[in-house]
Amino acid sequence: KDSGAPSGGGTAAGSPCKLAPKPPAAAAGTSGSKTPEKADGSALKVGLAFDIGGRGDASFNDSAAAGVDKAITDLGVKKENVKELSAGPNESEDAKQTRLRQLASDGVNPIIAVGFAYADALKAVAPQFPNTKFAIVDASVEGAPNVTPLVFAEEQGSFLAGVIAAYKTQKCNVAFVGGVETPLIQKFEAGYYQGAKAAAPDIKLDKKYLTPAGDFTGFQDPSKGNAAANGLIDRGADVLYHAAGASGKGVFSAAKAKGVMAIGVDSDQYNQKTVEQERDVIISSMLKRVDVAVFDYLLAVAKNDLAALPKVFDLKVDGVGYSTSGGKIDSELQAVLEGYKAQIIAGQIKVSDKPTS
Amino acid sequence: MTTPTAATEGGVGQPTGGACAVRLSGITKRFPGVVANSNVHLSVAHGEVHALCGENGAGKSTLMKILYGMQNPDEGTIEVNGEQVHFKSPSDAIRVGIGMVHQHFMLADNLTVLENVVLGAEALHGIGGKARKRVAELAARTGLDVSPDQPVEDLGVADRQRVEILKVLYRGAKIIILDEPTAVLVPQEVDELFETLRGMQRQGYTFLFISHKLDEVRGIADSVTVIRRGTTVGTADPKRISSRQLAEMMVGSELPSPETRDSTVTDREVLVVEDVRLCSLGADRPVLDDITLTVHAGEVLGIAGVEGNGQTELVETIMGMRRADAGHIRLGHVDLTRLGTLARREAGIGYVPEDRHRHGLLLSQPLWANRILGYQTRRPTAKGAWLDIEGAKDDTRRIVEEFDVRTPGIEVAAAALSGGNQQKLVVGRELSGDPKLLIASHPTRGVDVGAQAVIWDQIRAARANGLAVLLISADLDELIGLSDTIKVMLRGRLVADADPSTVTPEQLGSAMTGVSGEGDEE
Amino acid sequence: MISKDPADGGAVPASAPQRRGAKKLPGWTRGLIWLAAVVGALSTASYLTGYPQLTASGTLQTALLLAIPILLAALGGLWAERAGVINIGLEGMMIMGTWGAAWAGYQWGPWAALLAAAVFGALGGLVHAVATVTFGVNHIVSGVAINLLGAGLTKYLSTLIFQPLSNNPRESPAVPKFDTYSAQPLSDWLADLENMQRVGLSDVAGVLRGLVTGVSPLTMLALLLVPVSYLVLWRSRFGLRLRSCGENPVAAESLGVNVYVHKYAAVVISGALAGLGGAALVLNPGQPGYLEGQTGGRGYIGLAAMIFGNWRPAGLLGGSALFGYADGLQLRSGGATVMALFYAAVLVLVGIAVWLVARKKLVAAGITLVGAAALYLIYLSVDEMPSQLSTYLPHMVTLVVLAVAAQRLRPPAANGDEYRRGRGH
Amino acid sequence: MKLNLRSVVLPPVLAVAFAALLCGLALLLSGANPLQAFGAMVAQVGEGTTAVDIVNSSATYYLIALAVAVGFQMKLFNIGVEGQYRIAAVTAMIVGGSISLPAGLHSLVIILVAVVAGALYAAIPALLKAYRGVSEVISTIMLNAISLGIVAFLIKPDVFGVLRSNSLSTAELPESAWVPGISLGAAGTVFGLGLLSVLAGVGYWVLMNRTRFGFELRASGESATAATAGGVNAKRMIIAAMLLSGAVAGLTALPELLGRDHTFTQNFPQGYGFSGIAIALLGRNHAVGIAFGALLWAFLDKSALALDNIGVPKEIVTIMQGAIVLSVVVAYEIVRRVQLAAEQRRVGQQLGTTNGEDKQPATTAGGGAA
């Protein structure tokens, strides 16, 4: 019988990276300085059009839902005034339009569309309801003034994930697992690589996407995630960062079986129920705060001040970040991360959102 | 099981008091719209060969399926060896010692001989070595000489027939039903089969034997029961009744004869086949070798041969369904060698295939659609790339009329017609459009005497109008009666010629099996 | 008279094929030779191209894991189609299996998961049997309907049952897994051999080690089911009867075989096997549990593997292995290693060409060589296959192998035909 | 064929009722109100653009189902329509986006490219089947997957794709290629190329029932051996049927692409192919039957939205689709058996083999049930 212990790990040997000079310590308190703002949202009728999966997907739909939940407690939005609809797999464009229209014609305002799949539908529907406020997560819609884009600087958060990986690797070899090779997921890869390189210029980087753009099974196939992760580990990587949706669970279990480490994505995966058994391999998660964006948006609507919303939810506004649950990020590393973060916020480091290769 | 008595009861099978091997009384079986059997009475004595005669669709097979437990009778009782029985499935019938060789082979081609034999009777000797030994023992008795592990698809018809009998023997049946076992055999094979039957009869086996070949019936049977339209007409002593009388009992009409009267042969060559050779994959000798023949206008050229000696391949090569490896085929002045089947048909060949279900008909399509098949490019069924459905329907009505196809209409599916009527439709179709050549493979196989007459008459009439006919038939009487010239085919070669006016079926049969040397007719 | 001696002019049918099997090797020997040739080509290629991944134990281990669900689905297809029922509904039955496995596994552990998956799959099979056997519905229609039903039903049930547990309507809570086993001293010894990087030896060791390391009872069960299926279908009375229903049900009926019962049994077993395939997806490492859309068409791939394997257990094992291997390779190693596979293919083709020349089949040998040369040119000119395409390497390999291999596929003769008692001739 | 209205219409009605009953039960079990659910499904047709959306979707479904039906007519199981329409769509959009032609002609060229591309992708399984005997079932399953890779490759930004926001797509079509629809104001816009499916349907019917080609196709499907003996070239028919099927499949995405989207994005829905198979089977490969099947399918698809809107699990729609496919064929089968018995009865009566005093033996119909 096999023990749960790592069985040999990778074949390629290696040693920890030679790290680049640490960034200067950041001025304390750049983040979390926002004073909680108050506004009355009790009159709002909020609509959520989820992407496939809907509430409970432990991913960005759930995160968006959390933002609304926060608005219910903090802004006094009435629970019965929140309407949630979600998409089915392989549905056609007009279904998305109809969903938005259903909400709009029911008098729901504002309406938040979760996922860039709604971009084209919004482009068609938003002009039909000029008095309704729309928001869309992960996309922007040109030529529709009543649509607020809620987009994120995933590459910035991923940069920090790359730094974490560089500091944690024992073999100076880290890798990325992407679910589907779309431009959005490539942003994660791009930032991660830059972060790792910035922290350790000699670091070896590797990656694998499970499926190409258009074949979305890559987000739904832990078997493939597991196989790909095993391949990367066998080729020497010992820190894996995934942006692969549900397939990421396969990455965690491969990491656990081979005794290497992993970095989660979107939400704080250390606290996620479905990966409980593998959580000790999770060093950190790159946080993409859809909940923050959604809450901020609702707040802005309640205050009728949409202009105050950031153009991009980035490190500066805590739209992206990293988690520390699990205690694997010690204060030293945290200081380094905060240092890089400050540099990015200050514009000293520019993180590109396109992979170089 | 009672021990069978070896004694053969006289000629008669009227229900008597004694314990018969089989006694069916008052059997009635209805199918939707058809009464296949109506109040049938039949007694079969121990150890006799009891023949059953009747037209196509008279209900013979149905009756036997009832006796074998494959069909449940609506009314009536079955007694076997004096005891009343109720069969729910063939296994019940097998248990009391009844076996059946079906009209259509009941073999799984992909399975081996052994598997086909032991299927359903695994309880006897398992399916392994013991069963194999037993099969080998019994195989000798039926004259089967193939490995038990050979797939059945590799066997010829005669061997398949033997496997069928082997299946019955393996189950220890003492009462054996043979439904048209001779339809696909040549005279010598028939003789051999009969030899086997007689030997087994002496050992106490009882046979129920169905055939359309009345001479055979008279040759083998101890008594014969005639069925017409689902009812028993009567039982007769085959020794004291002529084939003609028997046929009259069956249909109430005169027995037609296939004889042609005067020759209409001209010297105009219609079909010329020169040095045709056909090889098949994996075989070490050609399937067809140096075939050369000529059919003239107004001539019927008959090909005699044991099934599987290349007749099918010859026909399919002439039709373009197979490509000759060497040689030429000409129709009049048209060289057919490189043409496809459709082009050959358009050049003027009509084709009555040997297996009407596989090659002649679209069974689920209405009759008029079947009229189009093979004529989809020609009038009256087509105009250019378009079908002419009205034309097809009109012409189908003509065929139904002229060829006496018994059908309620031309919209019914071809499957709804009985075999004889299906065949009349096919012959009718292939004689439309004034073909120059008709290739007729077994044109009356499995067809009842009435339908046979219609088909023969039509072929004769067309021949009188200058049609050339290439006739392949296992029925040697038909072959001799219709043909102007006969060629004998053996192992892919034309080995002998025969003159139909003088040759006897026995001589022909010898030539077909290569027993008599080359050269031939007197 | 009919004589048995062909020389005597007997009735040996000219068209009947010659007796087979006289010179031909038995199937398993040929299988082994093929296997050896392929392993040989792969190890040579891995040495010459410098991609040890081709025969690394990890690749084989991954291949095995990826192949298992496909193998089980293919076995399911085999059982149904051998009894004459086309089963395009494997995917739906597999989905039912994943749900059942997660539902029972979450509560009672992995063995319960297996059982429940089999039962759920069998339920799908039962529906298929009722439709196709009792009602004579077109088998493909019924299969398509079952795929829809399976997908719909599990989604519906998940919303109802899993959502309260996992807060997610599309996912079950985590399901406990089997412990894995390795043939310990052997596995370590093979690991040493593999790490020595000796040509050939290390490759074979890698392949073997991949097959004996980290194996779960499920994997063993699935592999065991291959010979078991063979023995039951080809060496038992039940199997003979079942196959006869797929070859000629009327003949079977005429010998007292209850065709309905056997077809029902076959299709239900087929469903159970497909369900186990679903369980494999839930219980394999890396799987949290049930996940909507998790099967990702593996049921169809299983069907393809079965056809690929010519409706035979060993054949479909080969088909599943090929698919699993190619998928494992591309997932683990990406586009560059894929090109090394091209190199291996060139070697195999050259081997075939040599064999053809020896058999004096010069034209075929020439064509094969041209193919090899073309592949070699591609290998030389392309460094790495675009990742978009290499993802589908298993599908391409399957297609190419099918196109190259001579086609002698023999489906059961009555596969897909409607059967009704008492309706045969 | 005589149109026996009752036997054609009754089975589907029964089947839909049965499926509704089944789903009603499931809804009850989950605590929802089935009447409210069915009410919402019916009511949705009058709301917003749903009616138009149903029509538009069914136009698409109709095309893909026709493509499947062409294969089915000769017992070719072209699962590959899924891959064929994707390849066709992406090729047509790439070509269409990179040329400039006058309006009308531009669309025509795009349609032509789609047809050719669909046919070419279908040519692979066709040739493999005709010349290598590769089962079209496997080859098309494989080619469907491969098509995803090809499409992904083609819409890469460094190949033919463009990156818009977070999504990859082909270049947007110039306006000259757009096909305007019939605007019904607030009720939506009916795709102009919906007309394409009407044309294709008529063409399909005429081809199958009135031409030599259709006859040969159906004859090959019914009995390959009889067709060969009747002069039909089997290989040629396999290739022709497959190419035709692929060509029709190639049209599938055009109504929405030229009428609404004007670009093929990575989010273009998958799975039309399998819907197409189900619809072709529902419509029994008949031009009119498929039309009803497509409408029903589209209606059920859209119902998911209406159900979600009132908080009823929308998965019930998939269950209902499966149940309908299965119960429709079962219902047809039962009716067929009853009719076959009736026909045999008629044949028997006309041939005089039936006894007058017979009790009607209708009980045998459907007696095959185990």
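Per-chain numbering from 1; labels A, B, C and D assigned in written order.
In the analysis below, contacts are C-beta pairs under 8 Å (C-beta built on N, C-alpha and C of every residue); 3 or more make two chains touch, one makes a residue touch a chain.
Composition by chain, UniProt nomenclature: B = ABC transporter ATP-binding protein; C, D = ABC transporter permease.
Because the structure is a prediction, the values reported are computed rather than measured.
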{"item": "Touching chain B and also chain C, the following chains", "value": "D"}
{"item": "Shared chain contacts [chain A and chain B, defined touch]", "value": "C, D"}
{"item": "Gap in Å, rounded to a whole number, between the CA centres of chain D and chain B", "value": "45"}
{"item": "Whole-Å separation of chain centres (CA-atom averages), chain C against chain D", "value": "30"}
{"item": "Separation of mean Cα positions, chain C and chain A [Å, integer]", "value": "38"}
{"item": "For chain A paired with chain D, centre-to-centre distance based on mean C-alpha positions, whole Å", "value": "39"}
{"item": "Sequence positions of chain D contacting 2 or more other chains", "value": "148-149, 152-153, 156"}
{"item": "Residues of chain A engaged with two or more neighbouring chains", "value": "89, 181, 211-213, 215"}
{"item": "Interchain pairs in contact, sorted by label", "value": "A-C, A-D, B-C, B-D, C-D"}
{"item": "Touch list for chain A against partner chain D, complex", "value": "85-86, 88-95, 97-99, 101-102, 105, 116-117, 119-120, 124, 138-141, 151, 181-184, 211-215"}
{"item": "Residues on chain C engaged by chain B in the complex (per definition of touch)", "value": "1-4, 8-21, 235-237, 240-241, 243-244, 247-248, 250-258, 410, 412-413, 422, 425"}
{"item": "Contacting residues of chain C [partner chain A, same complex]", "value": "53, 56, 58-59, 61-62, 65-66, 69, 163, 166-171, 173-174, 179-182, 191, 195, 213-214, 281, 284-289, 291-294, 296-297, 327-328, 331-334, 387-388, 391"}
{"item": "Sites on chain D touched by chain C in the complex", "value": "26, 30, 77, 79, 128, 132-135, 137-139, 141-143, 145-146, 148-150, 152-153, 156, 274, 277-278, 281, 313, 315-323, 325-326, 329-330, 333-334, 368-370"}
{"item": "Residues on chain B engaged by chain D in the complex (per definition of touch)", "value": "30-35, 38, 57, 229-230, 319, 321, 340-346, 351, 353, 358-365, 369, 372-374, 376-377, 382, 385-387, 389, 406-408, 411-412, 416"}
